[in-house]
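Two complexes follow with subunit A in common, the first pairing it with subunit B and the second with subunit C.
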Partner chain A sequence: MADSGVSGGADKKDNIEREKIEGKELTKEEKQRLRKEKKQQKKGKEKKDASLPQVSVAETAAPASQLKAERRARQEAERTSKQSKKGDTGQPATTSKPKIPPNELQPVVKRLPEHIQVDDPDVLKKLAKKLERQQIPRRLDYGYKVSLFSHLLQYSRKAPLTQQLSIPSAVIHPAIVRLGLQYSQGIVAGSNARSIALLHAFKQVISDYTTPSNEELSRDLVNKLKPYISFLNQCRPLSASMGNAIKYIKKEISNIPSQFKEDDAKKKLLNCIECFIEEKIVLAAKAIAKSSIEKINDGDVILVYGCSSLVNHILCEAFEKGRKFRVIVVDSRPRLEGREALRRLVQKGISCTYVLISAVSYILPEVSKVFLGAHALLANGYVMSRVGTSQIALVAKAFNVPVLVCCETYKFCERVQTDSFVSNELDDPDDLIVTRKGETQLKDWQQVPRLGLLNLVYDVTPPDFVDLVITDLGMIPCTSVPVVLRVKNVDLL
Partner chain B sequence: MPGPYRETDLTEKVEAFLSDLKRGGSGTGPLRGSAETARETTALLRRITAQVRWSSAGDLMEVIRKEGRRMSAAQPSETTVGNMIRRVLKIIREEYARSRGSSEEADQQESLHKLLTSGGLSEENFRQYFTALKANVIEAINELLTELEGTTDNIAMQALEHIHSNEVIMTIGRSRTVEAFLKDAARKRKFHVIVAECAPFCQGHEMATSLSKDGIETTVITDAAIFAVMSRVNKVIIGTQTVLANGGLRAVNGTHTLALAAKHHSTPLIVCAPINFLFISGEILSKVNVHCPVFDYVPPELITLFISNIGGHAPSYIYRLMSELYHPEDHEL
Partner chain C sequence: MELQAVLMAAGGGSRMTDLTYNTPKPMLPVGNKPLMWYPLNLLERVGFEEVIVITTREVHKMMSTDPKTKLDIKMKLDVVCIQEDGDMGTADALRHIHQKVKTDILVVSCDLITDVALHEVVDLFRAHNATVAMLMSKAHEFTETVNVPQRDFVGVDQSGKRLLFMANEADLEDGLIVRRSIIRKHPRMHIKTGLVDAHLYCLKKAVVDFLAENKSISSIRGELVPFLVRKQFSKMTSGQKRMDDTETVDQKNDGLTNDDLFFPSRDEALLQLAQERSCWNDHRGDMSEAYHGGKLRCYVHIMDQGLCYRVNTLSAYIEANRMAPKFIEEPAVHPSAVISERFQMGSDSMIGAGCHVADKTSIKRSTIGISTTVKEKVKVTNSIIMHGVTIEEGCNIQGSVICSNAVIGRGADLKYCLVGNGQRIEPEGDTYSNTKKSILLEVSVTFGLV
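Now for the complex of A and B:
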C-alpha cells in the first residue's frame, strides 16, 4: 500500500515532468516543422527556376519526336543484338549523380565526375537515358577489366563510336564527328593538341550556328553544345585542359548580352576563342620557354620523357638561343611517343640518345636535369601526366637529379587525387600484344580466363618528387598550385 | 682402353658447350635459364674428372681451372659457369683434405690465430696421390648435381610461408624460380599477380600466360606503370641473374626501378635465387660494369629477403654464405 502510494506520487511527478518535457518537445517539434516548411518553400522556388531551361529543351525536341522514336527503336535493336553476341550484362558507359538541391550542400562540393562510376548500375542507367535523349550512341566496354579498375571505362580502338552513327548525322555537327574520330583513333593526342583541335571545331560550330526563332543565343547555344560534349566524352574521356576550355566557352556564351545581334555575337565568340588559344597556349609557351632557358646551362644533359609539345618547344628555343646541351629521350611501350619527340629534336640538330624506361636507372648518373611535361596539375600539388612520369621522377630523386615540370596555367585543375587508381583512363588492352622472335604470346588473351591486360594512360606524381614547376606566371613550387587557382577564380569572377 | 677416342669425344662436348654459351649470350641461340647452365656445367665438369688423365688433385684442379677460364671467357655475363667451377674446386680440396685425414675446420676457418700462424696451407700443393680420390670427387659432384636439380623445388616448398591469401604480388620479366614459387603457393592459396612485361624482350608476357594457365589471376602491365600500380601491391617477388657478395643484385633491366618504387611504398622485396647464384665480385662492390644495359645493379639496401634452397636470409648474411661455398684462393680462376 505504501508502495503504491509512493509509486502513485512518483507517477504524478513523472506526469508533470513529462508534460513539461512534452510541452517543450511540442514547441521544439513546432519549431522543426516551421523550419521544414521554410526549406520546402525554398526548394519549390529553386525547382521552378531549374525547370526553365529543361522546358526549352523539351520544346526544341518536340518537332523531332518521330525521328527520335525511330532512332530509339533502331538503337534498342542494335543494342540487344550486340549484347546477345557478347553476352555482356552491362557495364556500358557513364552517368552522373543526380543533382542534390544546393541549399543542403556546401557550395564547394562538386558533382562526382562521370567517368569513374562505371561499376554502379543506377548511374549507368541514368547516363543511358541522357544519351538517348541527346541521340548519341553509347560505346560498349571491351574485354576483361582488371578488378582494381572496374570503375573505369575500357574501349577498343577497333570499334569507334562513329561507326554507329548514320551519315549525315542530324544531331552532331560533322566537324565534331571528325574530331571524335580523331580522338578515339589517337590521331590527335597530347593535351595541348586536343584542346586546340576542340576549340577550332567549336569555332566551326559557332560560325555555322543559327539561332532558332524564339530562342536566345546565350542559352540555346550552350544547350546545343551539350550533346557534342557528351559525344566527345564517349569517344575519349575529356582531359582537364579540354574541361577548362569548355568552361571558358560556356561562360563566354552565357555572358553575351541579349541585345546583341546574331552576327555580332558570333564574331565576339570567335574572337574570344582566338584570344584563349593565343593567350593561354601560344604566349604561355613563349613565356615558359623564356623562364626555362635560364635553367638550361651549357654542357647540360637533359632527360625528357615521351612527347610533350611544351618541352620540345623549350628545347628547340634553347638550342636556337645557342645553348649547348644534349638530350636523352626516354620512351615506353606501348605508345612509343618518344620517337616523335626524337624526330622533332633531331630535325633541329640537337644531339639525342634514346632509351626505354627500363634503362632509366642505368642512364640517370649521366643526367644533370629532368624536364617533364604535365597533363594537369591537381589542387593538392600532384602532377598528373603520362604513365611512367612518376617513375622517372622517383628514380631521379633517388639519384639527386633535379626534376622540373613545365605546365601552362590553363591546365590547373581543382580536383584532388593521391593515387593513380581512382580516376584514370584505360586504353585499348590489345596494344600490349607484341610479337617477339616470331611468337605472339598474348594473342588469345581473351580466351585465357584469368588473364588481364592493363594499359594505363595517366599517373600522378607526388609533389615531393618535383623540385620546380615552370608556368606562364613564373616558377613556383608544386604546393603553390591552389594559390594560383584561387587567384584565377577571383579574376574570372 | 679407348682413351684417345674418349678424349676427342670430350673435347667435342666442351666445344659444343662453349659455342652454346656464346650463342646464348648474344640472344640468338636458345635462351637458357641460369639453373640449366649450372647443371650442364657441372655435368661437363664431372665428365672431365672422369675421363681426363690426372694423377693428383693438383693436376685435376689445373685442368678444371683451364677449362673453366675458357668457359667464363665464352660468356662473361653468365656467372653461374664460374660459380660451378669454383664449387667443384672447393669439393676437390675438401675431398683431398678428407683423404689426407686433416679436419675440414682447420682448413677453412679464417680465425685470427690461423691468419697469424698460417703459411702451412698455402704451401700445400696437392701432390699426393690417393686411390679413392677420383671416386670421392665424382660422388661429391653427383651430390652437387642432385642439389642443383632440387633447388627450384626447395625454393618452391617455402612459398606457403611467405604468401598469404588475397595478396597482390608483383614480379618482373620471367624467372623460372619465381614461376615455380608462385605456382606452388597457388595450389593452396588464392592471390593476384601483376607482371611487368620488361621491354624490349617482353618476357613478362610468357610468364603471365604460364601463370594464368595454372589458375592464378594475372595482369600484365607495361614497365611505365610500375610506380603507378605499386601502391596496391603487398609484396614484390623477383628472380635474379646473380647475387653479389655484398648482398646486391645483378638482375634484369628495370629491376632497380622496381626496387626503388617498392622502397618508396615500404613494400617488401623478396628475391628468389638458388644458392649457386652467388658471385664474387672482388673489390668492385659499387655499380657493376655491364656490357649493355641488359642488367641492372640493385644495391642491398633495397632488398628485404633472399629465399634460397637452404632457407631465407637477410642481405647482410650473404657474405657468410659465400665463404662457406667457395674457397678464397679460387676467387681468381
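Now for the complex of A and C:
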C-alpha cells in the first residue's frame, strides 16, 4: 500500500515540478502535499529497510553506535507491522481514528459516554483532564443524588458555567456561550429548537472562522468545534438530534476538498447547514403533517402530552385544512410545558382541554387517538421522550386507544436502551420546590437526611405500546427503526 | 470579540467639589488607591484584556507620571482624552469613540466600587439577547436620605429581571404615568425607589450606532436608558398612531422607530425558527409569544447582597474608604511604612507606602495616605488622611477628611471637618469642631480653600 502511495505521490510530484518550472508559486496545498509525499517516501524507504535489517544496520551503523541502530530497526519493524494491521493508506497520522471499512466485521468495543459514568472516579479524572486541555471549566455537581441515578450528572441552574469563564469569552465563541446559557436556563428547550439553535450558532462560528497558516480548514475547523461541543455538553447534555446534526457537520467539514479557497469552503458549509435544516426539519415537518392529517378524522378527540413542536405543527395544519377535532393537553410538573402547547393551540382556534397527568386514566375514555412527540427513537424500537410519555402510552394501551408517535428521521439514534435508568438527564432538583400559600415545604431539603429530590427529564417507551411511527419516510411500525437506520447509514457512505 | 469595556473617567465630581477642587475625581484616593483603580480591577479580575478609558488630559497625565497614583493594572488601557469643559455627557463621549467600538460594549463609571459577580449582568445580556443590561443595588443607610427630590422610580416585572419602567422624579411633573401598553403586557409590576444605579451598562453595538446618528441624546443614564426602556413597548412602525400614552417628555423622539434600534442579527429567520419551536415563554397568562414578540429588551440585575458604592458624594467617599480594605488584598500596613512600636492601630485602618508614624499614636478606622507623617501622641479616628500630609504632635482628628499636602499644626483638634488641599492648620489652634455629624461645606470655607 505504501508503494502505491509512493507511485501516486510521484505523479503529484511531477505536477509540482512542472509548476515549479512554469514559475508559479507553490500553493499551500501543494506544499503540504509535497511534505506528505516526502513522509510517504521516507516510510516506504524505511519499510524496505526493515525487510533487510542487515542493510539498514550497515547504513546507519556508520555514524551511530550498534545499539542505536538495532533499536531503530526494531521500531521500524513494529511500525510497519502496525501499519499493515491498521490498513493504513500511507496518510500521516494526523487523522484521529483509522477508517474501518463497513463490510469488515471487527470486534468494536463501544466506549460508554462519560456523562453516564459520573460515579466512577477514573472517568471523572479523564473528563477533567480533557476539559482542562480544551480550557473549558467543569460544572460541578449539585445536591444529593438519588442512589439509582448517582451515575448521572445533576447541575444547579443558579450556578451557570459562565461563572468560571472570563467575561469577554476568548476561548469560546460568543455565539456558543450565548447558546450554552440559553440551554442551561431552559430558554431554548425542545429537541428541534435546540438543534436549530445549535446549527445557527455553528453558522456564526464558521462565518467568523479564519484558517490559521499551515493548517487545513477541513481538519482545523473540526478541532475548533470540539471544545465548543464540550462546553455545550457541560451546559446541558447533548440530545440525540443534536448529536446527529454535529456528526453531519463534522462529516461535511472533513469532506471539504483541500483545493477549495477559504471563502468557498465557508460558503459551501453554510449552504450545507441550511440544507440540513430545510430538509431534515422544516420539510420533514411538512411531510409528517401531510401523512398525519390522513389519520385525523372529523370528530376526533386527540390527546397530546407536553409541548412537542412537531405535534403542535401537525395539529395546527390539520385545523387549517378544515378537520374538526378537539384536543386534550396533558401536562406534568415541574416543567408544565403543556401550558405553552395549550397557548399555541388555543391561539389558532382549536378547542382544548387541559389536565394534569394524574387525571389521564380519568380522561382516556373520551380520547380517540394519542399523538406523542419524541426526543429520539432508539435502535431497538424504543421511544425516548419527555418523562411521563411512557405512562401515557401504557394507559392508552390499556384503554385500547391508538398511540401515534411523530418523529423526524434525523432523531433516529443508534443507541439501544430498555429502561430509563441507564442513560437519562437529571434536571435541577430545586425546580421541584414550590411555594403554596406562602409556605415552601421543601425549602431546606438538603438538610433533611435521606431525602433526595429527583427531577428526571426523559423516559423510554417500549414499542409494544406504540402503534405507529409517522416519519418523513412514511408511516412505519416501531420495529422498523433499525431498518431505517441501516438504510440511512448506507446512504451516507 | 464579545464585549469591549469602556471606562468613563471624565466626570467632574460635581457633588463633591471640595474634594475634587485640586484632585480630579478619578484620582481621589480611596484606601490609598486612586478611585479609577476599583472599576479597572473589577474588569481585570473578570478577564478583560483591554479597556477604552475616556478621561481628561489632566487625569491622563497624572496616570502616567505621578508615582503616587500609578495604577498597577495589567490590562491595556486605550486612553481617549476629551476636553474638560463638562459639556460632554456620557452619551456624547460614546459618540466620540464611535469609531473604536466594534462589538457590544460594557460601560463602567470610574466612581463605581463593587464586588458584584459581573457574569450576572452579562448573562442577562447574552441569554435574552438584550439591548441593554444594567446593574443596580439596594441603597445602604449612609446615602443621602430619600427625601431628596431626585428619586428614581424603577419598575421591574415579576421575575425582577426585566426593566419595564425607569424615570426620575424630576422628569415627572404630574405624577407617575404608566402606559397602558406596559400594563397590558405585564400586569404585575414592582416599582422600587431605594435603588442605587451603579452606572454599569451592557449596550448593544446597534445602540452606539444609533447614538452616533441621534445627536440629541447626551447622557446615558439620564436620557438613553429611559428612552430605551420606553421604546420596549412602543409600536413597531412609526406610522401607527400611539393611542394610549400622554407623555410629553419624549415628543422629540417620536419620529424614531423601533426599527432603528433593531438591527437583525445574522440569520434572523433561523433564530425565529428556533424560538418558535422552543417551548419556553417568559410570561404566562396571555396569548402572546415569548417577550411579547418585542425585539428590544432591557434587563436589570438588582444586587441585594454585596457591596456597591458610587463615590459621587462626600458621604459616599467616606463610606467607601471605610470599606476599601475589603477590596484590596494588600496588607493594611504597607511594608514600606515606618511604624514605631508603641502605636495602636485598629483593624479597619490602612497605612500607605512611605509613611512615618511616630510613638504613642492611635489610628482607628482611618486611612492614612502615601508619604504622610504622623508625629507623636496623635489620635486619628474615623478619618481619611490623603497623601503627603503632615500631622504634628498631639493632634486629635476625628471624623475628618484631610486632603493632600495639608499640614496640621501641633495640638490641633479637628472634629468632623474637611481640610482642603495644601492648607495649614495653626498649631494650638482652637478646637475646630463641627457640632453636626455631617461635614458642612461652610466649614471648609473658613479653612481657606485657595
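One rule holds for everything that comes next: the second predicted complex is superposed on the first by the 382 of 493 C-alpha atoms of A that agree within 3 Å, B and C clash if a C-alpha of one lies under 4 Å from a C-alpha of the other, contacts with A are read in each partner's own complex, and residues count from 1 in each chain.
The rule is simple: contacts are C-beta pairs under 8 Å (C-beta built on N, C-alpha and C of every residue); 3 or more make two chains touch, one makes a residue touch a chain.
Fair warning: this is a prediction, and the values are worked out from it, not measured in the lab.
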Superposition on subunit A - do subunit B and subunit C clash or fit: fit
Which of subunit B and subunit C A:181 touches, first, second, both or neither: second
Partner chain(s) touched by A:329 [first = subunit B, second = subunit C, both, neither]: neither
Contacts of A:398 with subunit B and subunit C, given as first, second, both or neither: first
Which superposed partner A:459 touches (first subunit B, second subunit C, both, neither): first
Subunit B versus subunit C as contact partner of A:242, first or second or both or neither: neither
Partner chain(s) touched by A:197 [first = subunit B, second = subunit C, both, neither]: second
Which superposed partner A:302 touches (first subunit B, second subunit C, both, neither): neither
Which superposed partner A:420 touches (first subunit B, second subunit C, both, neither): first
Per-pair minimum CA distance [subunit C against subunit B, superposed on A] in Å: 18
Subunit A residues contacted in one complex by subunit B, in the other by subunit C: none
Residues of subunit A defined as touching subunit C within the complex: 160, 162-163, 165-170, 174, 177-178, 181-182, 185-190, 192-194, 196-197, 199-200, 203-204, 207, 277, 282, 306-307, 309, 337, 339-341, 343, 346-347
Subunit B-touching residues of subunit A, taken from the complex the two chains share: 146-148, 332-334, 355-363, 365, 386-388, 390-391, 394-395, 398, 419-421, 432, 434, 436, 441-442, 445, 448-456, 459-460
Complex contact set, residues of subunit B against subunit A: 192, 194, 197-202, 205-206, 208-209, 212-213, 215-229, 231-232, 253-254, 256-257, 260-261, 264, 287, 293, 296
Interfacial residue positions of subunit C with respect to subunit A in the complex: 1-5, 46-49, 106, 117-119, 122-123, 126-129, 266-267, 270-271, 273-281, 284, 287
